[in-house]
Amino acid sequence: AAGGLTVCLVRRSVDPNELQPLVDEIVANGGKAVPFGGFDATKEDDVKKLVERVENEVGPISCCVYNIGAQVGNRPFLKISARLFELCWRMGSMGAFLVAKEVSKRMIDRGDGGTIIFTGATAGFRGNSGQAGHAMAMAGRRAMAQSMFHELGPKGIHVAHVLIDAMIVSPDTAGKFWDKLFKDDSSRSSISYKDFVAKRTATESIVLPSGIAESYWHLYQQPRSSWTFEMDLRPWTDKAWFHA
Amino acid sequence: AAGGLTVCLVRRSVDPNELQPLVDEIVANGGKAVPFGGFDATKEDDVKKLVERVENEVGPISCCVYNIGAQVGNRPFLKISARLFELCWRMGSMGAFLVAKEVSKRMIDRGDGGTIIFTGATAGFRGNSGQAGHAMAMAGRRAMAQSMFHELGPKGIHVAHVLIDAMIVSPDTAGKFWDKLFKDDSSRSSISYKDFVAKRTATESIVLPSGIAESYWHLYQQPRSSWTFEMDLRPWTDKAWFHA
Amino acid sequence: AAGGLTVCLVRRSVDPNELQPLVDEIVANGGKAVPFGGFDATKEDDVKKLVERVENEVGPISCCVYNIGAQVGNRPFLKISARLFELCWRMGSMGAFLVAKEVSKRMIDRGDGGTIIFTGATAGFRGNSGQAGHAMAMAGRRAMAQSMFHELGPKGIHVAHVLIDAMIVSPDTAGKFWDKLFKDDSSRSSISYKDFVAKRTATESIVLPSGIAESYWHLYQQPRSSWTFEMDLRPWTDKAWFHA
Amino acid sequence: AAGGLTVCLVRRSVDPNELQPLVDEIVANGGKAVPFGGFDATKEDDVKKLVERVENEVGPISCCVYNIGAQVGNRPFLKISARLFELCWRMGSMGAFLVAKEVSKRMIDRGDGGTIIFTGATAGFRGNSGQAGHAMAMAGRRAMAQSMFHELGPKGIHVAHVLIDAMIVSPDTAGKFWDKLFKDDSSRSSISYKDFVAKRTATESIVLPSGIAESYWHLYQQPRSSWTFEMDLRPWTDKAWFHA
């Protein structure tokens, strides 16, 4: 939004109260944002309708970010049901496929390029304990993104995959981590989630959405002569996933 | 079979003529083989019934090989339907999950170990042009296998992933390759598929099922003190997938 | 230079005519640049003297880029002498080590951070035919950079490795490529190196130093909460190294 | 030795007492072994003389294993001297190059194939903290092996790289690990190195040279139609290097 784009915020829930605070924040900072509630990225019809509406109501999509993860919590392999395994895939792989296909088709037809960014997870690089479903879905997404880069690049579409190899300030990642960290701590009440995040933010030892946004903006701004397919992000305090 | 195991051959088709020739060949060589036709590895019920039948009729499974691929032919990204994308996943990832879960559960319950081998493809290592569905499914399978290795190893189950990074003597791989190689050749009739394979076999420039079997047997024989998770196979004449 | 840094240009040759044109160009564009000729990055004494001089004459180094490659041309494995193998390593690994150590030591002592960027090559990701020396040296450099990221990150030093997975407009890469491309072409004179580069530049199908600089600048600007260790760069027309 | 080859044992030290016990053990088990003391694999002359002597005194080399590591103990990056960095490389990369070149040249000249196996380390796959020199050398060795596989495969030479991703029963690896494990343990004397290894061996939670030998033998036996370039080895109790 700070760069001048109109940001379209999409969520599965139809509750307008969920997206409105973020829309308000963006507008208060001089940007433009439009909320789109009630769209399920794992359903082909929803994706088609969403892209149609965005392009009709806001304008041609020049940059698309697929953020939905497939983290369903650690589960022992034998405790993963076929249903849950499929859910991981629908969120991590299928939704990414449906959105990327619908958006890239229109970008190619227009012929003036475009950028599609997939947010990746550590699980897309190795299958860890308790992560069979998550890793399957995220590794699948990454492999699909590689195919897209090969095919769509020469058509002017910049496909990129960004590994966020750390905790992000968001209930979905930092919240779960905090929950786990203090699970067995009787003094759990001594540090609230809010304080936990505030402390990490002060020491820059947690990934901030603003930092991610800067790198995504850089990818969007790259000239066609030097495109990045993949980059990783983590705080200065963290080891990379491949480190012991 | 040559090592003394009873080989259970499984196929989706119910036609007994499809598996019988291989059963006969194994028996003629002094081995034991039992055909199981009519089982679809992508269906949870089929998998449960199959494993139940094999263990009841033949005996406890000590080694399980999941071979089913997700190669649906090269397709431009925009020409892949959601249905085909899902089919790739069902064959490449979901079926592997269902079979591995059902078999490993029983192996763990028995407490005397076991080996589960996933046949991997080059597409599990990188997403190439025209391979978005195939690569998604095979990379997902590989990541799932990594999770399994981590979790099931300490329970005595040896999970391995073998990359066959080349053409195999089989209608599904060499057949397709031959078809493509001579597609635009007016003199196509000059070399039949049979001759093509014979020539390659004579020069050892094609992967033979017997060679794969030797490496799978090696994995099955490895002592618990030195297990392999991953190995690759290709003929001496071939570059590796990561070579230009 | 466009971002306000004083650029120190270093070259082994002492001939001032080699660096002066670039210094002049930077100055003409309103930037600051200082040439340092006569330093061999593979010699510990030279590196120490260089860093000493730069810090004394220009100021504390906040960003260091190690560009020197180890490309000695394709050589059959059996034709690589021990001397050439060592030369690759001295340029690709040892020089990178010496420079990074000398610079990071001072950055850590000052305690206000810093950025060290290694320019990587495709050979750092896989050893290709004819590349045993080059690949050894560049893969070694990359592994060393990974160690540094792990150790120096928590000390405030941002270590990054950037894969330039394509031809760059420079006699060292595009020049060699052009030479090879038209080697057996009797009409070679029909396209000069200059025209070749101009044509590629017009279609953005070659990496421009300006594009690399933008990504390096982005790395230098990243907040400590989201650092990138690795990213790749190539033109929109090129396949990635892992693509067939 | 159990497979019928005459094993040539090489060591830098000239002390015959170092190799004799192993020679005696092999002979006692019905095998053949010849000790070669006093050869430094990092010196080109030594390597040439050694290969010459082995081929003259024992016979043509059909399988060569390069085992020498570059593990010099964990060192903070800033504490690694240029001399130590070079030592890592000489043992990890240069020695491997010299031996492989001298042996493969003779194998190619004879025209009847051969196998060259490089023992790899986890450090060849990622640079960890304190491992800048070790990782540089082992990643360089691996990249060189990839180049060799590409070039020498079609000449009938099978080049393979085996990752031993765990502790081996040997003073060099298990000894160091034991030393570290009980460093701060006042009751250190309560478990001797011998007992430590015996306990691990009993539970198969340490890599035994015999297990490695079986996999190397498998590689040596692979038909040319299905060669492995890379495989990993670790005990059933261990995570892989890429696991958290």
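What to note about this one:
Labels for the chains are A, B, C and D, by order of writing; each one numbers its residues from 1.
Following the convention adopted for this analysis, contacts are C-beta pairs under 8 Å (C-beta built on N, C-alpha and C of every residue); 3 or more make two chains touch, one makes a residue touch a chain.
Here is each chain with its UniProt name: A, B, C, D = Short-chain dehydrogenase.
All values reported here derive from a predicted model rather than from experimental measurement.
Between B-C and B-D, more contacting C-beta pairs join the chains of B-D. Taking each chain's centre as the mean of its CA atoms, A is the chain most distant from subunit D. Averaged C-alpha coordinates put the centre of subunit B at 32 Å from the centre of subunit D.
Per-chain CA centroids place subunit B at a distance of 43 Å from subunit C. With touch defined as above, residues shared between interfaces to two or more other chains in subunit D number as follows: 126, 128-129, 146, 149-150, 239, 242-243.
If the chains shown are joined wherever they touch, the resulting network links each chain directly to all the rest. Residues 44, 76-78, 80, 82, 85-86, 89, 93-94, 97-98, 101, 104-105, 108, 123-124, 126-133, 135-152 of subunit A are the ones that touch subunit B when the two sit in their complex. The part of subunit A that touches subunit D in the complex is made up of residues 125-126, 128-129, 239, 241-244. By the touch criterion given at the top, residues 146, 149-150, 153-154, 156, 158, 201, 204-208, 210-212, 214-215, 218, 221-240, 242-243 of subunit A touch subunit C in their complex.
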